[in-house]
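Lettered A, B, C and D in written order, each chain numbered from 1.
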Amino acid sequence: MFVNHKRILIEFGDCDPAEIVFFANYFRWFDDCTTALFAAAGLSIRKLFPSYGIVGIPIVEASARFLSPSTYGDELEVESSVTEWRKSSFVITHKFFREGDLMLEGRETRVWAAAHPTESNRLKALPLPKEVIEKLSKNGKARGPKAISRSVRSGR
Amino acid sequence: MFVNHKRILIEFGDCDPAEIVFFANYFRWFDDCTTALFAAAGLSIRKLFPSYGIVGIPIVEASARFLSPSTYGDELEVESSVTEWRKSSFVITHKFFREGDLMLEGRETRVWAAAHPTESNRLKALPLPKEVIEKLSKNGKARGPKAISRSVRSGR
Amino acid sequence: MFVNHKRILIEFGDCDPAEIVFFANYFRWFDDCTTALFAAAGLSIRKLFPSYGIVGIPIVEASARFLSPSTYGDELEVESSVTEWRKSSFVITHKFFREGDLMLEGRETRVWAAAHPTESNRLKALPLPKEVIEKLSKNGKARGPKAISRSVRSGR
Amino acid sequence: MFVNHKRILIEFGDCDPAEIVFFANYFRWFDDCTTALFAAAGLSIRKLFPSYGIVGIPIVEASARFLSPSTYGDELEVESSVTEWRKSSFVITHKFFREGDLMLEGRETRVWAAAHPTESNRLKALPLPKEVIEKLSKNGKARGPKAISRSVRSGR
């Protein structure tokens, strides 16, 4: 399994009057972490989509379990990986840690989607390319030390 | 079941480069719709929390199934209600419609939470007051015609 | 001068740990209010841009003076109008009121912009169409009673 | 002048249907950069406010000039410093660079504010502590190499 780690610094503006992260922001970070996971695997979303003839990897399901709140000044480390491959969709799991403690866990189900051939405003799910699955499975390369996020290969 | 309806106009800034709503915004609207549901039941969150001695109704789980995308200029109608009561937590379901079509469905599990008596930075779940359950069940009063959101009592 | 009024309900998630609106959200609302101003003048941004051959009305300058803070549950009324016309740009002024009191004042300078004819990733400012200026000056029509925002013609 | 540099990676969700950063996000980053500037000077906002008896450093004016747009995948480097000291307020200037090119420039005017002694819901501006001015002027210490943002002393 190819795992990427991304560090997130919680900012004042991410928090609400309860002085904890406003929960919708975690879903924003799920997206950022998925982008980082793809980038770490050599799949930049900016170049990826046109080069594979897709319009994106839209989300069809998302969920999160919030175990402990975080506040501004906290630094979280997010561990992201594809945990399930289906024919034309896949599940990404994100685990947020603060100093080693699991704070929350989230899942996104995304589709490999092209424009619909005959109907505008609709999408058509395509089979996932073998190369993409491989890069996000065990063949991915870790990014160098200058990277904002870092990735590791893991046997888990 | 006490049901509230809230109208949401999708703005340009709510959408991403795929020209559809950036999905994290739906979770922001879940929170807005829960506030509106409580307000429609006569439970203003601004006054509610101090008057019941709680610090809030933090989310412990959230999920959404995205059926169809929306874009800026679209007006959505959200139907919100408490669909499950537990001892000190409850589940709110939000259904987003566009011109009668269900676009997405979401669920939040929230806790009735006070400050922890001995440990700061922790919360303590309290039993839900009977009055709150009643107001959000069948005794809630619909808001007047000037309200931004409107509520209806429903037998569903 | 064509003036539009839009009502904004401040939500919990719009506020920060100081229990007031996180200031960046006001700029988000500036954009929403500009969209509403254009819509009230019969210029839907969703249809406007393609029909005039422009890619948008990007912002080149924005500013705000914050006089008094607002918090969740507050309802603000925003008064928006074009207060200056230049050759290919214009200034929109937004005034936010709470129960008649001016809470903040903001300005956006926007450009009427098409894709650059020879360089991708660049824009080219075009002269503002006379019709657009007229609609946003005195010829604009107020929207009907079902509108979320309402507009009035004003001699100010 | 004490200058801090903070790196910002533009994410997909930061961008709008025009495929550029939705401008309100820059104001969010102004706040993040001010936090980083203070932290780099040894003034953590989380500890600072209680220890100086203030409730925060609310913004009374903000402005930005947008010179060039950025999109997702871009990395910006923000240069932040206090460029003007007044009795109880100060001006912070943020310059956003992409590969050496200035993309935008922003200014925030903030107040050193305590709770009002007699009126709740109001703030009272206090004179800026000499120590805070000194730390944010020339006596600030650069943060170590592990820091997410880095700061340098500058004679400019």
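Note that a contact is a pair of C-beta atoms (placed from the backbone, for glycine too) under 8 Å apart; a residue touches a chain by one contact, two chains touch by 3 or more.
Worth saying up front: this structure is predicted, and the values here are computed from it rather than measured.
In terms of residue-numbered contacts, A-D and B-C present the same interface, as over half of their contact pairs agree; the other options in A-C, B-D or B-C do not. Across B-C and A-B, the chain pair carrying more C-beta contacts is A-B.
One inter-chain figure worth recording: chain A and chain C are separated by 34 Å, centre to centre, where each centre is the mean of the chain's CA atoms.
Our note on geometry: chain A versus chain B, Cα centroid distance of 26 Å, whole angstroms. Shown for chain C are the residues that touch two or more other chains, namely 12-13, 22, 24, 28, 31, 71-72. Residues of chain B that touch chain C in their complex: 7, 9, 11-13, 28, 31-32, 35, 44-46, 71-73, 75, 148. Residues of chain B that touch chain A in their complex: 18, 20, 22-25, 27-28, 30-31, 55-56, 58-66, 69. Of all the residues in chain C, the ones that touch chain A in their complex are 12-13, 15-17, 19, 22, 24, 71-72.
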